[in-house]
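Naming follows writing order (A, B, C, D and E), and every chain is counted from residue 1.
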Amino acid sequence: MTFTPTVKKILDYYESDNPGTKANLARILTQGKLGGTGKLIILPVDQGFEHGPARSFAVNPPAYDPHYHYQLAIDAGLSAYAAPLGPLEAGAATFAGQIPTILKVNSSNSWATSIDQAVTGTVDDALRLGCAAIGFTIYPGADQIFDQLEEIREMSAEAKAVGIATVIWSYPRGGNISKAGELALDVGAYAAHIAALAGAHIIKVKLPTDHIEQKEAKPAYEGKDWSSQAERVRHVVQASFNGRRIVVFSGGAAKGADAVYQDARDIRDGGGNGSIIGRNTFQRPREEALAMLDKLVRIYKGEE
Amino acid sequence: MTFTPTVKKILDYYESDNPGTKANLARILTQGKLGGTGKLIILPVDQGFEHGPARSFAVNPPAYDPHYHYQLAIDAGLSAYAAPLGPLEAGAATFAGQIPTILKVNSSNSWATSIDQAVTGTVDDALRLGCAAIGFTIYPGADQIFDQLEEIREMSAEAKAVGIATVIWSYPRGGNISKAGELALDVGAYAAHIAALAGAHIIKVKLPTDHIEQKEAKPAYEGKDWSSQAERVRHVVQASFNGRRIVVFSGGAAKGADAVYQDARDIRDGGGNGSIIGRNTFQRPREEALAMLDKLVRIYKGEE
Amino acid sequence: MTFTPTVKKILDYYESDNPGTKANLARILTQGKLGGTGKLIILPVDQGFEHGPARSFAVNPPAYDPHYHYQLAIDAGLSAYAAPLGPLEAGAATFAGQIPTILKVNSSNSWATSIDQAVTGTVDDALRLGCAAIGFTIYPGADQIFDQLEEIREMSAEAKAVGIATVIWSYPRGGNISKAGELALDVGAYAAHIAALAGAHIIKVKLPTDHIEQKEAKPAYEGKDWSSQAERVRHVVQASFNGRRIVVFSGGAAKGADAVYQDARDIRDGGGNGSIIGRNTFQRPREEALAMLDKLVRIYKGEE
Amino acid sequence: MTFTPTVKKILDYYESDNPGTKANLARILTQGKLGGTGKLIILPVDQGFEHGPARSFAVNPPAYDPHYHYQLAIDAGLSAYAAPLGPLEAGAATFAGQIPTILKVNSSNSWATSIDQAVTGTVDDALRLGCAAIGFTIYPGADQIFDQLEEIREMSAEAKAVGIATVIWSYPRGGNISKAGELALDVGAYAAHIAALAGAHIIKVKLPTDHIEQKEAKPAYEGKDWSSQAERVRHVVQASFNGRRIVVFSGGAAKGADAVYQDARDIRDGGGNGSIIGRNTFQRPREEALAMLDKLVRIYKGEE
Amino acid sequence: MTFTPTVKKILDYYESDNPGTKANLARILTQGKLGGTGKLIILPVDQGFEHGPARSFAVNPPAYDPHYHYQLAIDAGLSAYAAPLGPLEAGAATFAGQIPTILKVNSSNSWATSIDQAVTGTVDDALRLGCAAIGFTIYPGADQIFDQLEEIREMSAEAKAVGIATVIWSYPRGGNISKAGELALDVGAYAAHIAALAGAHIIKVKLPTDHIEQKEAKPAYEGKDWSSQAERVRHVVQASFNGRRIVVFSGGAAKGADAVYQDARDIRDGGGNGSIIGRNTFQRPREEALAMLDKLVRIYKGEE
């Protein structure tokens, strides 16, 4: 396979990584319908931990089966499929080699009494299941953020040594951060920056609003109009080492299809690398989800 | 030995496991009177830790002897015998090879001041005692659930590497869960799902009531009649990767024989894999217990 | 050496242990004047940690010297000598091979602000000092009991692997246990049972009173007269895997000689394996202590 | 390369270090425009963690790119460049061998709820990225200082064994230390001394005021006029093993150029080894920063 | 070298130790002017951590230089020099082989908010710096005493395995101990005993007063006149395994020379092994300190 110039340029940004890790990043960047474009769409299915099975799958019962999601990601031509240990174990052999997988190695649940997650998978699990990357959530702002950063440092170092890439979900929450602040532009850019500083290969953040949360940060944002979502995406990309790190944005709760498409256009126009989109696909009937994903692909290709 | 198609199908679900672990799951699925049916009955004797010796055994004094339980499980043709370290050590050589054993590796007691358990056995113990599996209790909802998930992740990873299967007892308790909620349908399905996500081979939960505990989960359960226990069992099985994981149900406190039989019929009819039944057997005289277990076997075989 | 049938029967109970561990149990069971009888008397000297040197030894100043206790245990023909790290280091070479030693690997002190102990010795220490066993205190009922059980699990597993036996001192205390409850029959039997479940070879508990502490346990004790200390001992033995584990009883604070003798007769008549007796010996003048120990030997031999 | 007598004398002070560690200290002491003088200027860029990307870089947007800082340090002829994991990974190959790098291995952030930092890099990271040293922040006075000292002890021991030097940022804060006290002379000298006691090769502290914070320390400072900043620098150097350890001073928040130059003259005149200067350079336009750094070089050379 | 009978007798007390550890104890016992007498004087310089540099050294500025203390101990013909990591690293090569060194492996500071110390050195550090022993402080009575005992158990075990001796500073403090109680006779004897039980080779305690702190200990001290400091020393020696362990006493805060001499005479007459004397020497001018130390040597030799 010859890499496109775009893929080659992105891989060159990861200048400290060994060939194994670069190869796994390349697997994601060359997979599916967006392969070679530098854009990517990832299917994440960790709602079972977060919200429980019925809230996640009752609306579309075939999704109770872990094979459903593998097949959806493959059939939609996505870049990668991300899930916790159990679901990957349940399909790893059947779908081996058909799509890059990301082992989500920590997880929360609806009853959590602290802003934290349990580490429920390891780099060794990722290796034996043939995963291309591990995924880890940090909560900048939470009392536990130091522990979380130390956990991902250890796991990421171990992963890099054996050629596994690292994806960090960076979700500000807790401490002095207000509810509106969780989605604030300054906070989101800071969250992306922390993930980059901590050594992430791929950064996952939420699409930010134009709210500025931190008083001390206000001067740095003054004098510029932040009403454009694409401009806000551009700032988050800037905060991610000026584009030297892949940044994908999550779609949040299930919502109307048009909103999903507009988000993708803004991510694309702002220079973001793509979407990580879960409930908006697996909570729709399969055919409807495939159609939506196909349209998203075309948006990222600049065809819509 | 040639596996029945049912056993073969179940084993195929564990597609990421090594041959050693599959062999141990097969030992349980082919043992005793239910061997080959895909159904199983497990004898668990961890009441000594939970309630102390007199409350557990005074009603049937021969049960003070660890050999009693081994022999009961063997004579009743059960699928496996589960107990903490000490009792297995006390009979491991005498009964070696006669019945698969499950080392219960964590344990609580009547004086516990937190919703937690101590790790009192290890995978190395399971290996030297010839056990087929380790058993571990988690308390979804408790403040300690993250620690518990991390403990079982470590032990389960170690077990899978050396061919030992993992059984998770998933008992919701603590935090914001009400007393009624501990047995709620949504909570029970969630508990089973968490065990599956965490990589359990065999999931042990309690039979749920038709109470729905979580406000956010109510919409997912509306519009369906949950008064049938068999239907509730079916939902728990669905939540366990749509039947890709073995699910057994516990009988709870000692109760009338008819209730025990009805539970088994509901488990069978709902597609559950069987019962894990302790106090309802070893707290009855041996002959009475053997008769009850024989009838349960016939129920699971569809003969009653 | 040919084992007596009694010793052989006891050793057979430890059916999961390797020959090294059995050999060390055999060393204790064949040592001294009670060698071969299945009964044993152990000299424990950990009062220095618990109460300090003056409260322990001022009444009998030669006892400040660690060699004093080794020599007392040897001259009295006892089964074993138990002490913390420092005192064993101070005499290990002089008395090597003359009496089995038990390294007490955790210790408290008079100023402890939690119901816990520090781990002050290791299995490696036991090996280099030629000890036959390690000794470890747990406090069932205390907030720290889970940690304590996890500590002894690790140390005991390590010990069993290298042929060292495990003695557990099981002393209920803390949490919801009343002062009277610490010596209650139900609590004492439960404490012995927990030690057995945790994998102890030798269990050390206090002689229980006829008080029943736990409301839930009362029914299990009703309808039987517990006024006989021998019967209470018999129940504790029953709770220790129906006699499959060695159980020794501690004498408590220094008291009159007649009370000490009566305790021994009750232990003997109830089927207990012997006494672990410290202050009642080393706080008496040496000749008086030797005479008392000789009489205890004769009681356990059934000669008095 | 032949070392200057000054460099040779400084290296001789590190008499317990292996040749690898000495070679890395030598790399820093012989690098750039100040090479050979015994003076040094270090560019630290960890503001992204501390204050977020916009507050750090919006004023000079090219600085969002990690390559910017590498190039600035090289072009200015500085002694070393210090940054967290991610930025070093992003430029390690491009700039390999062009300037000694210091991996800042712990980091805080604006939302920290304790006076502590997360360990976000390791000695293994420093090795694979070709770093000359690790950098670690301690907060003398904070509740967590004991933990911090234990962390740096472990990392420093590991670093010394593989030839990596240790730089300690020693910033008094928390506990009973008043806001003014954080910059007090006695506190700053104490902070430098703690870093030296803990085994640092290079000590980084803030320039102290003439405030004396600790009542017990007042007598030791009486009878001497501390109004001269150069004299205060001299005392900090004295507290750093009488000059046997390299001490550099940080410039603090961005401020006027004249103040920056005066600080450097005082550091030089008081016998300090140099400056560690971040915001005062990268928050200025590149040409302005280069001019400032060039003037600082000339000051340290005694030319201004 | 032929050992004196006194040295040989002391070494024989350490009967569980390997030849390497005995050799290091012998190095201390044969060093300097008191070599061979069984008495010893140790110079400890850990005041920098405890009180900061100015309070420690401003009164005698040459003492800011770590080489000063090495040279003082050598020139005074002392038995050993004890200091934290940094100062030993700063002189280890220059003074290698000239005097036995003790690496003080834990340290507190003036701002400590708990009664504890940070571990700031390791056995590996002691080995690479050529130290004869490690020194560790415990605070019997403090909430952290269990952790401290577990830390020194681990370090001491590691040290003994590689031939390094262990010195325990045992300083009662915290919990229920009153200020007067910190120096009480019963408390001091208990503190020495705990150090001995924990496996110390050399015990360092403070000279006790005749106050008895613990109500329960009073009977053990009644009927004897404790007004003689020599008698109190004798009791502490008795509590240290009846003289089987080396016990040295600290001089406390700087005080008049006569008081220092009288303390030494009492230590000598009570059978103690010597003094550990810091501030009373390095806070005096060098010549004065040398004269004082020479007189102390003569006292221990029985010449004054």
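Operating definition for what follows: a contact is a pair of C-beta atoms (placed from the backbone, for glycine too) under 8 Å apart; a residue touches a chain by one contact, two chains touch by 3 or more.
Remember, it's a predicted structure, so these values are computed and weren't measured experimentally.
Common partners of chain A and chain D, by the touch rule above, are absent.
The rotation relating chain C to chain D, fitted on Cα atoms, amounts to 145°, rounded to the nearest 5. In whole angstrom, the spacing between the mean C-alpha positions of chain A and chain C is 58.
The centroid of the Cα atoms in chain C and the matching centroid in chain E are 36 Å apart.
Within chain A, not a single residue touches two or more of the remaining chains.
Taken chain by chain, the contacts form a single closed ring in which each chain touches exactly two others. Ring order of the chains (start chain A, then chain B) is A, B, C, E, D.
Those residues of chain B lying in contact with chain C across their complex are 48-49, 51-55, 58-59, 61, 64-66, 84-94, 107, 109-114, 116-122, 124-125, 128-129. Residues of chain E that touch chain C in their complex: 13-17, 140-141, 143, 145-147, 149-150, 153, 157, 175-177, 186, 189-190, 193-194, 196-200, 214, 216-217, 220-221, 235, 238-239, 241-242, 244-245.
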